[in-house]
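Take a look at these structures.
Next come two complexes, and both contain chain A; in the first it sits with chain B, in the second with chain C.
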Partner chain A sequence: MQRSIVVVGAGPAGLAAATEAATRGAHVTLLDEAARPGGQIYRQAHSALGDSEYAEAGERARKHDILARFQSVASRVDYRPDANVYALFGNGELHVAYGAGSEVLRPDAIVLATGVREMAIPFPGWTTPGVMFAGGAQAVLKSQRVLPGKRAVIAGCGPLPIVVAAQLLRAGGDVAALASLRPLREMLGNPRALWQGRQIFYEGLRYLRTIRRAGVAQLSAHVPIRAIGTERLEAVVLARVDAGGHVVPGAEREIACDLLAVNYGFAANSELAAMAGAELRFDADRGGWLPASDEFGRTSISGLFVAGDVAAVRGALVAEAEGQIVGAAAAVPPKSIGDATMTAALRTALGRRQRHQAFQTAVRTTLRVPRGLWNLTTDDTVVCRCENVKLRDIRSALDAGHSSLNAVKRNVRSGMGWCGGRTCLRAVAALSELHAGIAPPVIMTPRPMVRPITFGAVVAQKKAVDA
Partner chain B sequence: MSLPAVDVLIVGAGAYGLSSAWWMAKRQSGARILVVDEGEFASGASGRNGAGFRMQWGLELNIRLCQESLRFFETAVDQLDYPQGLELKQDGYLVLAHSDKAFATLDSVLPTQHRLGVPSELLDADECVRMVPGLGRNRLVGGSFCGKDGSISPFRLLDALLRACRRDPNVEVRYRTRVERLEKSNGSFQVSLTGGPVEAKRVLLCTDWAVPQLLAPLGAEVPVVSLPKEAIVTVPRAQMVKPILVSLEHHISVNQVDRGSIVFVVARPREGTSIESTPDFLAYAAPKITDLLPPMADVPILRTWGGVSSVTPDMQPILGETEVEGLYVAVSSFRGLMTSPAVGRMMADLVIDNDTNDPILAQLGPRRFKTGELIVEPLLNQA
Partner chain C sequence: MSGFQFFFEGKTIAAREGQSVAAALIAAGERCLRVDEAGLPKGAVCGIGVCWECRCSIDGSADIRACMTLARPGMNVRRQQGLDPCSDQ
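Presenting the complex of A and B:
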């Protein structure tokens, strides 16, 4: 009998998994929240807008190739855009809403390729209109071909701020400054890894050349400590920080801008896996709470797989190779093929994943947020935007002896709003650790719905489909 | 070697446990009180319910329990020294009847309510719809309304009680502390706890459906079983439902809180002690909710959660001393939050002052089940 697979997420990992599983004869359903496949990195604009020229040629080629490979099997994949996968239960039921309707799916295997979101470090003024996540600013540029600001300051750590700064410049934007938490030379410490990741590394160098030629002020070991403006962002105050992330007094500078794009790394979209009861682990540098998984993406729940950044943040190239591996593993009945046989059959993809992973391991320290940086969040800073919870409120709950994320939540409502803690949970955890020594962090109990759906859509639910 | 000793060990830091500890400490008898809870703050039924309270009952004892408790809620900010506020809302409580039989029951209990001073009134279907324009007409016969009823934040109330208890040097509250073993010898209780043993002169069990498993090794029993429920909260909306609603036939309560979110608690016959959200719950609840309130079809559900309340054979609390001397129980039977102030006061009377004169306590003791006569509350279980 044909095996049914549901893949959640149509970024590089999800596309590769769906393509591989379909190639191997499985019946594949690909669910994605966006209107077009590609995910964050290979986000496609509406066809009327044409393809982006802002990304490096190598990245454009990778995007073209993965979408073309998916197209080649598309007739055999049930691809459903604009899908809201709002719950996953331990019994293998996946609940999906599509606008006014909803459906329960119960496939033989589920591959979660839900990727990551950006991690926020709240600082005074970070909720001012004009302050965005760097990836969010890039998404506006990619999908709508609109500059999200006239004059930008880009800040944070890791490679994304560099990419976003260069792409804004190429799109005709003005970038006033690029502030990096860590010096770029940190990446140069491991020549072997650089050689293995040379493709990406060279692309990075070309982005840096764009930035240098535009005369953008590059500030190493600087972070935004304050956003100024009431109705709209008017300026940003940057300050020097030491290796521990503590602000060095007296080294502040104010830069006028109407866009501040910040990225301090990522948080894995692991809610569905957590809701289903999959075992989690915590890795602060690679996305926080991650579903524990083996080399073939198998989680602690039989039939539930993870692939790509949701399994541990390692970038698009690892995600694509891993998607292929996990797609292949999900396409065969459990225990029907021994791990050694599978390893032999997937040697090429496993090797590719290993190479790209080595590079990512070498550069992962650039994504490490030093503990002291969380001191940027002051008592008056809003931490949970949905429920308007300030650090002062959280500290008051901690001081009263509430010593877990669940207990803090029940007291101040952090994470109880629209986003369910997706934006603030890592911050509440880090701030609780900084101010009350709560460690190791325990995830807040994940509950349906991951995203809201209406009562009407539930009433219109189709019954469980055993695919 | 002697164990660390307390005068009273309270097991369970929910509304009953914390309220009892606070009222006991207030007696200033010098008694040392230890409250233990195997979970964390507000992780049990007291932190998972629909937050409503009402004086609209049919039995005098339930009305009195809730009247006394409401008097406390109205002054709790001062009594507990909790300036943050308890989100006390008194926009009324509308008990809906969707059958002539249920409406007749509402009518039949009105004289008792009025005799005791509950300002309740009967409304016909039109009046109900005027009060809550979103109400569906399907089978709606009418309702009973009391403007003094309402809701209170469970989290705020528990936090206020916890902070007040912790300010008292004679009270200690420990979370993540489980009772591993409870024994009695030489007139006192030896209790093995997570983190070490204690000796207690008296023990009060406030763990609802988990009480029987603590009592069993001592040869005592009270009849209480678990009652899992699930709840739904919507995204904030402009006011759609001003009073709290309960529909006796739909088995649903509705509470739109100040921030605009609408909370639905939906009872469904189910066994077990799991607080998980079940896969088929929303499909079960959504048609009932849109039947009760059709405009809800367009309202987005933000989240669901589960909790486990308790139920006794006569659906009344069990309050009092068990057949083991010095061992007390306070079992809520699914209305712990709304009756917790009165019950805390009674347990202080009983455990600290040995005062057994309260007429309500006399009716709700654990021994009542031996006689075989059950007191029945008419405003429950109308389905």
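Presenting the complex of A and C:
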């Protein structure tokens, strides 16, 4: 009997999972919120604009290959762009909206390949227009062919700010400064891991060369502490921080710019798994709340799988290999998962995942946010942008004894606005830990709809489809 | 339709086919896409449809994400002011 599988997300993990499951004869439905497949990293520009050439050749080749592999089975996959999955229940019912309509799907297996979003550390002035997440600025550049600013300051930790700075320069942009929370040479302490991922490491070196040749000021152990401007960004104040993330007084410098692109790592899009009741674990460096899963992507809920960064942030190459593994696991009868036939066929993917995961352990050290850095959020800083909730409001709720994210939300509305807490939730958790000692954090209960859809779309819902 | 125009707060904005409303506005130097309920100017932040900060009023419909909406010739884009959806045009 043909198994029906719904894959949520068409980034590297979802594309690989859909491709593998379809190759194995499963009936695959691939749901994605974007207009074109690729996810964030392999985001495709509209055909009228053409793809950008600012990324390294290796990355462009990987993008081409994964999309080509998907194309080769696309006639057998029910691919649905512009799909908004807004609820998932423990009985395996998945609710999805498409513009003005919606439906309920009940497949044999669900693979969540929902990836990550960028994690924010709120600081004074960060709501000023012109302050963007680094990946957001990159999305404007690579899928829209528009420079997101005339003069940029790029900041944060991990590899993304470096990639964004180099790509902005290659597109003809002006980068006034690149501020890094941690020196990248921390990665060099793990030569074996670097060797495992040398392909990516060399691409990183070429991005660094672009930055060096352009003469960009590179400030190590510096972070933006204040954005200046009202209607638009005019300048950013950078300051030195010590190893604990505390600002070193007297080492501030103001840099004029109209774009601040900042990234402090990522938050996993694990709301659907959480809503379904899957067991979660918390790993601050790897995306926060992560659905607990085994090597085949099985969560604590029968028939619910996770693949790629939503299972733990490890980058596109791990995601692609893992997508293939999990796609296979979802496609075979549950009893066959992990048997000799299955693992033999997946030997290459299992090896690739292991190799690239080793490299990611080296990257991970650069993504670690020291606890003291959360002091950048002052009492007057807006934490929840949707509802304009300041740290002061959150602290008053905590001081009054509201000692969970749910209770704080109910009392001061943090996480209750348009984005559903996707922008501020990690910050509210970290700030609750810093200021009230609440840890380990329990996720704010995700409820339908995890993202805004119209009432009309719910009313126009088709009956449940038992595929 | 490779190059065309639409309107933002009555101003003419140049766009290219395939660009989002947010991208065309950024290219035109516009940064403030909305003024929120507390009076704070807001612009594009996540660029990928997560944060909803760039929501605008487009052709009379309020709360449309500029970053997720394809620009089209002659579109009328308004900057929402607080709770005013600017849907009267």
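Just so it is clear, the second predicted complex is superposed on the first by the 461 of 467 C-alpha atoms of A that agree within 3 Å, B and C clash if a C-alpha of one lies under 4 Å from a C-alpha of the other, contacts with A are read in each partner's own complex, and residues count from 1 in each chain.
Keep this in mind: a residue touches a chain if its C-beta (ideal position, glycine included) is under 8 Å from a C-beta of that chain, and two chains touch if they have at least 3 such contacts.
Not measured: the values here are computed from a predicted model.
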{"item": "Fit or clash between chain C and chain B when superposed on chain A", "value": "fit"}
{"item": "Which of chain B and chain C A:Q461 touches, first, second, both or neither", "value": "first"}
{"item": "Touching partner for A:W418 - first (chain B), second (chain C), both, neither", "value": "both"}
{"item": "Partner chain(s) touched by A:R145 [first = chain B, second = chain C, both, neither]", "value": "second"}
{"item": "Which of chain B and chain C A:E118 touches, first, second, both or neither", "value": "second"}
{"item": "Which superposed partner A:E93 touches (first chain B, second chain C, both, neither)", "value": "first"}
{"item": "Which superposed partner A:P452 touches (first chain B, second chain C, both, neither)", "value": "both"}
{"item": "Touch count on chain A, higher of chain B and chain C", "value": "C"}
{"item": "Touching partner for A:N406 - first (chain B), second (chain C), both, neither", "value": "first"}
{"item": "Partner chain in contact with A:S72 - chain B first, chain C second, else both or neither", "value": "neither"}
{"item": "For chain A as apex, the angle formed with chain B and chain C - C-alpha centres, to the nearest 10 degrees", "value": "80"}
{"item": "Chain B versus chain C as contact partner of A:V131, first or second or both or neither", "value": "second"}
{"item": "Chain B versus chain C - smallest C-alpha distance in the overlay, whole Å", "value": "6"}
{"item": "Those residues of chain A which chain B touches in one complex and chain C touches in the other", "value": "417-418, 452"}
{"item": "Touch list for chain A against partner chain C, complex", "value": "33, 35, 40, 45-49, 117-118, 127-133, 135-140, 144-148, 230-233, 258, 382, 385-386, 388, 417-419, 422-423, 452"}
{"item": "Interfacial residue positions of chain B with respect to chain A in the complex", "value": "40-43, 47, 155, 159, 162-163, 166, 175, 235, 277-279, 282-283, 286-287, 289-290, 296-305"}
{"item": "Sites on chain C touched by chain A in the complex", "value": "2, 16-20, 22-24, 26-27, 31-33, 36-38, 40-53, 55, 63, 67, 70"}
{"item": "Contact set on chain A toward chain B in their complex", "value": "87, 89, 91, 93, 95, 104, 400-404, 406-407, 410-411, 416-418, 420, 447-449, 452-456, 458-459, 461"}
